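Some structures are shown below for you to check.
Presented sequentially are two complexes of chain A, the first with chain B as partner and the second with chain C.
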Partner chain A sequence: MKPMPRQVILGVVAGLIVSVWAFPVLWALLTSFKTERDVLAYPPVFVFTPTLANYREVLFGPASILPNLRSSLVVTCSATALTMAFAIPAAYALARLRYPFKRFSGFYVLVTQMLPPVGLVIPYYLALQRLGALDTYSGMITIYLTFSLPFAIWLMVSYFEDVPYEMEEAALLDHAGRWGALWHVVLPQVRGGIAVTTVFVFLNAWNEFMFAVVLGGNTVRPVTVGMFNFISVEQTQWAKVAAGAMVAMAPVILLGLLAQKHIVKGLTVGAVKGGGRR
Partner chain B sequence: MAHSPVAVIDTQAQQERRFALALFAPAFVLLLLITTAPLVFLAWNSLQKLDMSMPWLSGFAGLGNYTKMGSDPRFWNSFTLTVIYTSSTVVLQVIIGLSLALLVLQIPRGQALLRVAAILPIVLAPVVVGLFWRTLVLAPDFGLVDLVTRALGLGSHNWLGDPQLALISVIAIHTWQWTPFAFLVLLATLATLPPDVYEAARLDRASAWQRFWHITLPLIRAAVVMVVILRTMTALSAFAAIFAATGGGPGTSTEILNLYAYRTSFTELNIGYGSALAMVLLTLTAFVSWLLFRRRSSPA
Partner chain C sequence: MNARGSVRLEGVVKRHGETTVLHGVDLEIHAGEFFVLLGPSGSGKTTTLRILAGLEPVSAGSVWLDGEDVTQAEPGARDVAMVFQSYALYPHMTVAENIGFPLKMMKRPAAEIAQAVRAAAARVSIDHLLARRPGQLSGGQQQRVALARAIVRQPCIFLLDEPLSNLDAKLRLETRLELRELQRDLGVTTVYVTHDQEEAMTLADRIAVFIEGRIVQVGTPREVFGRPAQASVAGFIGTPPMNLLPATWHHDAVTVEGSRHPVAASSPASRAVTLGIRPGDLRLQAQGLPAKVLYVEELGDHAILNVQTGPTRLKVKAAGLSPAKEGDTVHLGFAPEAVHLFDPAGGLRLA
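And now, the complex of A and B:
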């Protein structure tokens, strides 16, 4: 059996990769159940009496992140819903229909996707300040659309392109009308794509930080900003930061793992197709 | 029968155009309002003297903010750091990601577990990643890295407090978080390559290296370039992880252009100069993406 040693080596290397990526996250999970004293034990303790005190503190203590979670939910869900409502029709037009300036409009969407966020947050800050709309949900949701909308349009385009033309043609010949063909024939075909795109948009919006920290305040304070509830100049409460991070990241980790196969496909559909489209 | 065939086709095309515009116009108008209009406002502000700590000095400054950059060492520092940070993280991600993908392709089982592990860093918020590294991984004495270096007799280091180590650390953080992206995309691309090409090459006694260089690489070139483009854009607009880990410090040693523009605008409240810095970053991003997209469409 010649291949055995080779496979063992490959296995060991693969194990190392897994641990490099998974270990910091698992270590944070472990830390979130430690007392602040156990966190700073040297050598580090793997066996300790687990405590839920950090989670109690993070959820119900004076610096609770529950209001932050609420903020994140409102901003992220609204932004995601609006994004999809605008992106799906636009992507269909880009993928399928002939109209003037089509190439330009596709390029325009691509360019808006590449804008550095700092270039947007500065004018938004000034404009929202003048409108008295700093620290409001409408202001925050608007700026979230700037990165989610172009992204969603391009991802949806790749799904619409996969739908066979014949299906639409048949529907049009049946006098279903263009709206009917889109609604009853094409959209059911891209249900999976819509789900994947929604997940991606949600993930990106949930994880956003720069817009949240600049344009937010006491009313709108998403959970990414809430991470700093347990960090002050005097001290960083490691175990509470870890527990807070676990709570804040639970939705995205769950979504990521549940939609695992689709996420890999989502990443590659955009990239490989984009790479092939010359 | 009233219409001639040409007229029917014509109205169909018109109908399609109207339909397309009805579908596309809302998103287009929205994008104009929420991205392009703010950028015009940014460009306008970059020509203003707009210092919120000294509002009485506000006024039109022409290109003053831009000429000021020439003699601003902090600007040149941040510019250099941006180039170093972007190029090193992208190169590392592609090399590590591609090597891992080639390796993992040969592992018959356990690929699923690897994918799960690879997805973890991608889905985490960069600000959380920055905080994890600042506390659990890189903290002196108690961080994971220090535990290892101390066990190996290399001693304890202030990974985020020492200017040179801090730059290496933030590069490591970014690479850790985003290499899985390159890995997953390239793994999926490699899995679609036709095996018969390799059989032929093996019969021709091509070495593993020759097979990689002459067969694999040309076949996955488009995907590699696409990964480079996407990763470059992310690196150029990296913010949250550095903000959480070092805040741009110590001093200005990890202050890439993005952080400099942010600090100038919102910590020092000099929004005019901050806008000009953001315009430079915007121009740099546009230039780099133009270069990369040209590369993508040119033959190998």
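And now, the complex of A and C:
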């Protein structure tokens, strides 16, 4: 069958977007296999002898980013787990229950999301300093919660709202109780939403740089900040920065691939089926 | 078993903010009865059902099940099962898991659950579908799953919220009969909400007619059809519903559009009334109330004539093929005992 002109145009546009998006990643991937000399060659060389020296240096050299990866993992996993633990019940409450100031509290959650982080970094610094929590895991995780929690709540609310309330009422009549209805009927249906939200929260925390660089230090030094291991006043070791970036990206890409099915489904929730609520 | 399942509502009021949905509903439903709440949409019948289920709190009044005040009881604490209009099946569970869910929540042993699920599924002829998920079933099959989930734990009351409204016409008629049979066999008190007066007439032991948040009549289908308590009930029940037209009543006759007809009841003084007459009770005759035939609906075994007399349009049901054609002028008459007379002010029945 001859492809429709519409499909051809869509294909071209999609191709353009993907190549623009993928270009820096591919460039960094190439760079990570080059020697520092090849990196600086002008015009850029595309044919070169690939080397794993950068990866060896980044992982096992004196400026290894392995401790930074560990730091990132601790902060990100803790922040993600705590976020989801609080966001799921909070979003359920916002979506379902009637209580005073509901509109206001929902709005408040949204407003916190609108504040530019740059405006917060100084107050956070002063607060953590006063608490003696600068460069501590507990301090950093708390700060990450301040931006990931509102985001996760807001995302989860729409998933909960997509579950018809009658289904929950049926569960109540079936002797499940409120908790049973939530556990056996509602949560299984927002599994996709939980997966998507978890991935986004994890991504945001993993990629966070500004709070990490200002509020962290030698103890809490996530991998985003760890890139500085290869940047000094005298020179920037671009090939090693690129290799480090590749290593830092790996867990995120892995997670994305694992959750891809859920993400695509989760993003199109409500787009296909007609309104679930009366 | 049959002694279980009586229901009593006392002065139940339901308000949503400024609007009052139910204006003090009193109702008594006997154990084992098939009781239909009938009314147009927005009349408060579904709200009443949800109050019985415990899904809506009351604003005033009380709810009694088996002589016990359950006004404040949680849905799970009342021994009621409900079939929702949307069926509300759990999409992530198989049919067997759906049906067994209430028993699982009541912590019954797995073997007992499996047996009860098979029995309930067989009762509504879906035992071959137990491994499927609701999404893989037709509307009629989904409806049966919802029914099986309701009967599996042998509750003392079934609540059914327009359970047939999502089925196509043919299936609706078949399921209606099966439902009646099922209820007779199980002998469980059933409260059934519908806006379809035909469903109400065929299924119910007794009907409560809801109009604008009030119960205007409670009675057997014969009573509600034969002696509607209000003009609004008369205008709602029957296929097609009763004709209502202004008339004057004096002594033992009414005068409509200058045509005088004898009636069974007598009024000493002349007064204005709303005359109610069923389409099937109107006869075509040589003389009487003159009317012009606007159009004819031929239905094979009978015909509906839409006629106009003065400013009022009437429907006349004639047996067989239509005796008149469009544009004809016919004369209508009726037996004195076929007449219903209502007060034109409040709509209350006079005779």
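Some notes on this structure:
FYI, the second predicted complex is superposed on the first by the 237 of 278 C-alpha atoms of A that agree within 3 Å, B and C clash if a C-alpha of one lies under 4 Å from a C-alpha of the other, contacts with A are read in each partner's own complex, and residues count from 1 in each chain.
Simple rule for what comes next: a contact is a pair of C-beta atoms (placed from the backbone, for glycine too) under 8 Å apart; a residue touches a chain by one contact, two chains touch by 3 or more.
Computed from a predicted model, the values in this text were never measured in an experiment.
After overlaying the two complexes on the shared chain, residue contacts for A:L215 are found with neither chain B nor chain C. When the two structures are aligned on the shared chain, A:L128 is found in touch with neither chain B nor chain C. In the superposition on chain A, no contact is made by A:V58 with either chain B or chain C. Note on chain A: of its two partners chain C and chain B, the one contacting more of its residues is B. Contacts of A:V241 after superposition on the shared chain: chain B is touched, whereas chain C is not. When the two structures are aligned on the shared chain, A:V185 is found in touch with chain C, with no touch to chain B.
Once the two complexes are overlaid on the shared chain, A:A170 sits against chain C while remaining clear of chain B. On chain A, the surface touched by chain B in one complex and the surface touched by chain C in the other have no residue in common. Only residues 53-55, 74-76, 80-82, 84, 86, 88-92, 101-102, 105-106, 149 of chain C touch chain A when the two sit together in their complex. Taken in their complex, chain A has these residues touching chain B: 7, 10-11, 13-14, 17-18, 20-25, 27-28, 31, 39-40, 42-44, 86-87, 89-90, 92-94, 97-100, 102, 105, 108-109, 112, 114-127, 142-143, 145-146, 149-150, 153, 178-179, 203, 206-210, 213-214, 224, 227, 231, 236, 238, 241-242, 245, 248-249, 252-253, 255-257, 260, 263-265, 267-268, 271-272, 274-276, 278. On chain A, the positions that touch chain C within their shared complex are 164, 166-167, 169-177, 180, 184-185, 188-189. For chain B in complex with chain A, the touching residues are 13, 15-17, 19-24, 26-28, 30-31, 34-36, 38-39, 41-42, 45, 100, 103-104, 106-108, 110, 113-128, 131-133, 135-137, 141-142, 144, 147, 176, 180-181, 184-185, 188-189, 222-223, 225-227, 230, 233, 236-237, 239-240, 243-244, 258, 261-262, 265-266, 271, 274-275, 278-279, 281-282, 285-286, 289, 296-297.
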